[in-house]
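One structure follows; several queries about it will come next.
For clarity, chains are labelled A, B and C in written order, and residue numbers in each chain start from 1.
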Amino acid sequence: MPEILEARNISKNYGGVRALKDVTFTAYRGKVNVLVGENGAGKSTLMKILSGSEQPTSGEILLEGEPVQLGSPRDAQARGIGIIHQELSLFPNMTIAENLFAGRELRKGSRFVDAAGQRRQAREVLQRLGQDRLDPGTLVGDLPIGQQQLVEIGRVLLTDVRVLIMDEPTSALSNHEVDVLFDVMGDLRRDDVTVIYISHKLDEFRRIGDWVTVFRDGSLVAHESMSRTDTGWIVRQMVGRDPDSLYVRNSSPVGDVLLDVRGLTVPGTVKVDDVSLTVRAGEVVGIYGLMGAGRTELVETLMGMRKASAGEVAIKGKPEPKGTVQARMAAGLALVPEDRQRDGLVQTMSVRENILLATLARMTRGGLLNGGAEQRTAKDKVGELAIKIPGLGALVTALSGGNQQKVVLARALLTDPVVLLLDEPTRGIDVGAKSQIASLMADLAAQGFGVLFISSELAEVMAMADRVLVMARGRVTAEFTAENVTEEALVSASASESVLEAAK
Amino acid sequence: MYGCVLEGWEKMTDTHVAPPKKAAAAPQPDEPKNTALARAALLLLRGRTLVVLVLLIIIFSSISSEYLTQSNLILMTKHVAINAILAIGVTFVILTGGIDLSVGSIAGLASMVAGGLLFKGFDMPGGTVFFSVAVVILIGIVVGALVGAVNGVLITRFKVAPFIATLGMLYVARGAAQLHSDGGTYPDLAGTEARGNTGFGFIGVDSILGIPVAVWIMVVVAAAAIIVTTKTPFGKRIFAVGGNERAAVLSGIRVNRIKIAVYVISGACAALAGLLLTSELGAAYPDTATTYELNAIAAAVLGGTALAGGRGTIIGTVMGAFVIGFLSDGLVLVGVSTFWQSVVKGAVIVFAVITEQAQQRLQSNLTKRTA
Amino acid sequence: MKYLPSRRALLAVGAASVLALAACGGGDDEGSSGSGESAAPAASKLVVIITPSPDNVFFKAEQDAAAAQAKKLGYETLVLSHDDDPTKQSQQFDTAISRKAAAIILDNAGADASVTAIQRAKDANIPTFLIDREINKTGVAVAQIVSNNAQGAGLGGQEFAKLMGNKGEYAELTGKPTDTNAGVRSKGYHGILDQYPDLKMVAQQSANWDQAEALQKTQTILQAHPNIKGIIAGNDTMALGAWAAVQAAKKDIVVVGFDGSPDVVSSIQKKAIKATVLQPASKIAEMAVDQADAYIKAGGKTDQPEKQSIDCVLVNPDNADSVKNFAVEGS
């Protein structure tokens, strides 16, 4: 098996922290090399080194057997190593074509941009990405996030890559878009391009990967041909324990109706159309659907962040007509938002301040904040949710994704909710943290909370929810119980509206 | 800036005392030298306003023996007081991610309202009434607060960008100040015994224990502002609104109320500063405090308040005001021409912003390393 | 107006030019029905008065005096303020031109920056009469009537030297550095003061004509030079600011200003500020309006030289009681 890129005995220290410990990693030519591991396991650090944006503390990199110095991302690009980052680096105010060619515009003469040529090539790239209907003149800011991700991938396809590193490229993609991406990856593989693919989604990378490499705590713990592994083996390598405990099924007795929604309608580009649902005490209810189905809009409206044009919301049997965030919070709702960077965290504040933000008024003595009470309350929650932090005073941005998510959850729990609304609670966090969040949700249900969560992952929603509602185009199109839910039924209900009629 | 330095220590010690078992990522004791160096540089950058101030004092006192005398320090501090009070108000606004360009004009308006009440009284159907000085000061501050409230309502209810809303108010309030006296000056604010309105000079001219009343007022305002920003839920909410407005909304914070409140505070502080200036001058004229908003914003920025919101300290702002004031007065004291005074002041402000960015970079690097 | 054929108007122009002197002499008869006799440029009876901001009482007095005199002579008035902004002034000239003003009375916003605007008015047959400040070009405006700043500063300097007993340390507060008068006055002061070897200027700072700035700068100057015996200021608002600082420092210091504003006059009466130099603002404004009226009636002719300089008057406790609104009664 010819290896193209090899990292030999790489170590990387950040200050006193050893992010990579003597890692020797091999990527095979023309294969999809999957990298998995919990957040902070060292995958991203290794990728930064391989793409030239970080330098190893010790060790060497070999490209086709030759030792190379990758001093900058430009160096790496010149040698045919491209990277697609998890965070998008597009210009929302420019068109697709302009984005694809940003920084390396096609020239007409020596000065002028060959706009027509760019559009032509852009159209070809979009075709390759299965987006034939997309006009290259569309502003990127107007695209849904999944298509933006595809544009980002298109940028790399335009360069002459030999090794393509993809850092969780599918986290924002719909199932259809993921299929397209995998087709593209198949093409690349046929063109002898090597792909290094970082992912958290077990079901996905098992479909596409040829080799799997597992990282844990800065070390490479396993390296195996995909065909000789199974999901259980991979999870065991990643978390160092049995995968059966990955998702904890809620089994609490179900109590009174805590949240009762009747005919909720919200106008807008992504609308919510006549949605009714209930959540009972001790129940974990999942909402499955594609992006743009109105799921986020539904929970944001429940939380009072959007105004409903019709419908009623009752909490613990009492109608809550005001519909402001404060009123809904006081009534017993709490929301952990999907995009924690945009909606959840105050990046300029510490862990402690973020945890206490919604309940500051309770931390006072004589009108002034009581530092002791603050410290105690925050510390208790940190312990309760097992949040890993360098200190309560550390900036919240210093935490990993899963721990940031727990900070937002801690804040929500402090408001004494009866029903927790969780929008994609496991998005972008690693398997270990996912399992922790899942068991937390089961714990909360056992304590008598009602839990309503949104998920785009079939396996997750099937494993965790007592009941699953499926949304499509703003409507609830189907409802299943844990007993009668199947993958096929979920997928078809999420794709159309007609299923509702069929189910009834 | 002391606050900043202490906060820095707190953060550092927090990191150091984190038990090693908690996370493999916790820093180990054998921290390499360059990180320690970076930390020292960061500390220096955080305390840069203080460093600059000390440098200024060293430079000027080596040129003029008068600079570091007790009486000159008191005088300079008194000059600082007016800008510091304006800047404290503006800092509240900037912390929420807004801006208030109208503070100079509000100071002028409050000055004219108070001056008019003292000089010619208030015409009521039953005749002209004269209020006592305390009431006049209160009315002046209330006027400033009300103008601030209008700013806040424009920004929250009518969704006018803060820059535009307060730019408009800059003109409106200045115009109102000029209309108040038809452009004239109220020359004599001493009041008379018969009208029971003597003593306006107290806040601007008099001293208590050898320290000007204006300086005491600055100390009280600064102390109150520090307590509000660091020790009250309201203060934390101001930072949250500026740090991430959407997260603040989701945390049940009434963002619009917070925003209106900070403009009210800014307006009231501006009015107070205008009254101090007027009291010291013994006369009210409509151009009082023209372009002072720029000095106030400069002090806040110099003190490390991020114009994007969410980051900054009152202490930093006060230190920024001290730097600007001690610099201007020092240049006058040693006889530098007006033109050079402008050049030097501008250069110091731009330099401060450059170091602010260096600090942010260094800080985020260090954060990444410890994460 | 409608019964007046244009041919007769032209005739009237001819007659008026011949009888220029006579028309000048009889200029103040009933203005409202006088359009028949008046000259061609006078398409309207509008006098536009443009001055700096009336925030400063000096300019307010100027405005008021000019407007009152114009009304008395039967003109409509449009009073504008350019706030020392040449761009704004230029726009105001456009307004005057489009409204076909009969004349413009201007206290200008810049010795060089104002020339083109005045020329534009001239091209539109509208005469401009400058008051208080000169421009750096002749033959554009009909008249430039200014108070004699150099002579006035000489008076102020002499009085200051006398009050100082011809010796001791003093400080000078100068005006906005871009304003010609700031330089002229400072030069005028020094023309006298520099003759006394024992008079020593220890500090010179610009306070930009501003009262609060003068206060703070004076305080700082007094710190640096505690032995100062006198402060001479380029205008009255700065003198008032300086005086507030002197009072706060509880010192006995001679303060002298320039302008003759009512506030400083009353301060002199109270034995606080020692002296100021009165610029006959009201008188100059009235003169300008009178000359404009004569010019209009004479059909675009004037018998006055373009540059006219009006002497300033020293105000001290001896004559302060007789000063009112920028004019010494009986002078």
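A few comments on the model shown:
Rule of thumb we're sticking to: contacts are C-beta pairs under 8 Å (C-beta built on N, C-alpha and C of every residue); 3 or more make two chains touch, one makes a residue touch a chain.
Which protein is which chain? UniProt says A = Sugar ABC transporter ATP-binding protein; C = D-ribose ABC transporter substrate-binding protein.
As the structure is a prediction and not an experimental result, all values here were calculated from the model.
Minimum number of contact steps separating chain A from chain C: 2. Among the other chains, the CA centroid farthest from that of chain A is the one of C.
Here the chain at the heart of the shown protein, by mean C-alpha position, is B. The distance from the centre of chain A to the centre of chain C, each centre being the mean of the chain's C-alpha atoms, comes to 73 Å. Inter-chain spacing, taken between the CA centroids of chain A and chain B, is 42 Å. Taking each chain's centre as the mean of its C-alpha atoms, chain B lies 39 Å from chain C. Residues of chain C touching chain B in their complex: 53-55, 57, 60, 177, 203-206, 208, 210-212, 215-217, 219-221, 223-225, 237, 240-241, 244, 247-248, 262-263, 266. Only residues 64, 66, 69, 71-72, 75-76, 78-79, 178, 182-185, 187-188, 205, 277, 280-283, 285-290, 329, 332-335, 337-339 of chain B touch chain C when the two sit together in their complex. Per the touch definition, chain A reaches chain B in the complex via residues 13-17, 40, 217-218, 303, 305, 325-326, 329, 335, 337, 342-349, 353, 356-358, 360-361, 363-364, 367-369, 388-395, 397-400, 411, 415. Looking at the complex, you find that chain B touches chain A at residues 10-11, 14-15, 17-18, 22-32, 35, 227, 230-233, 236-237, 239-240, 242-244, 246-254, 306, 310-311, 366-371.
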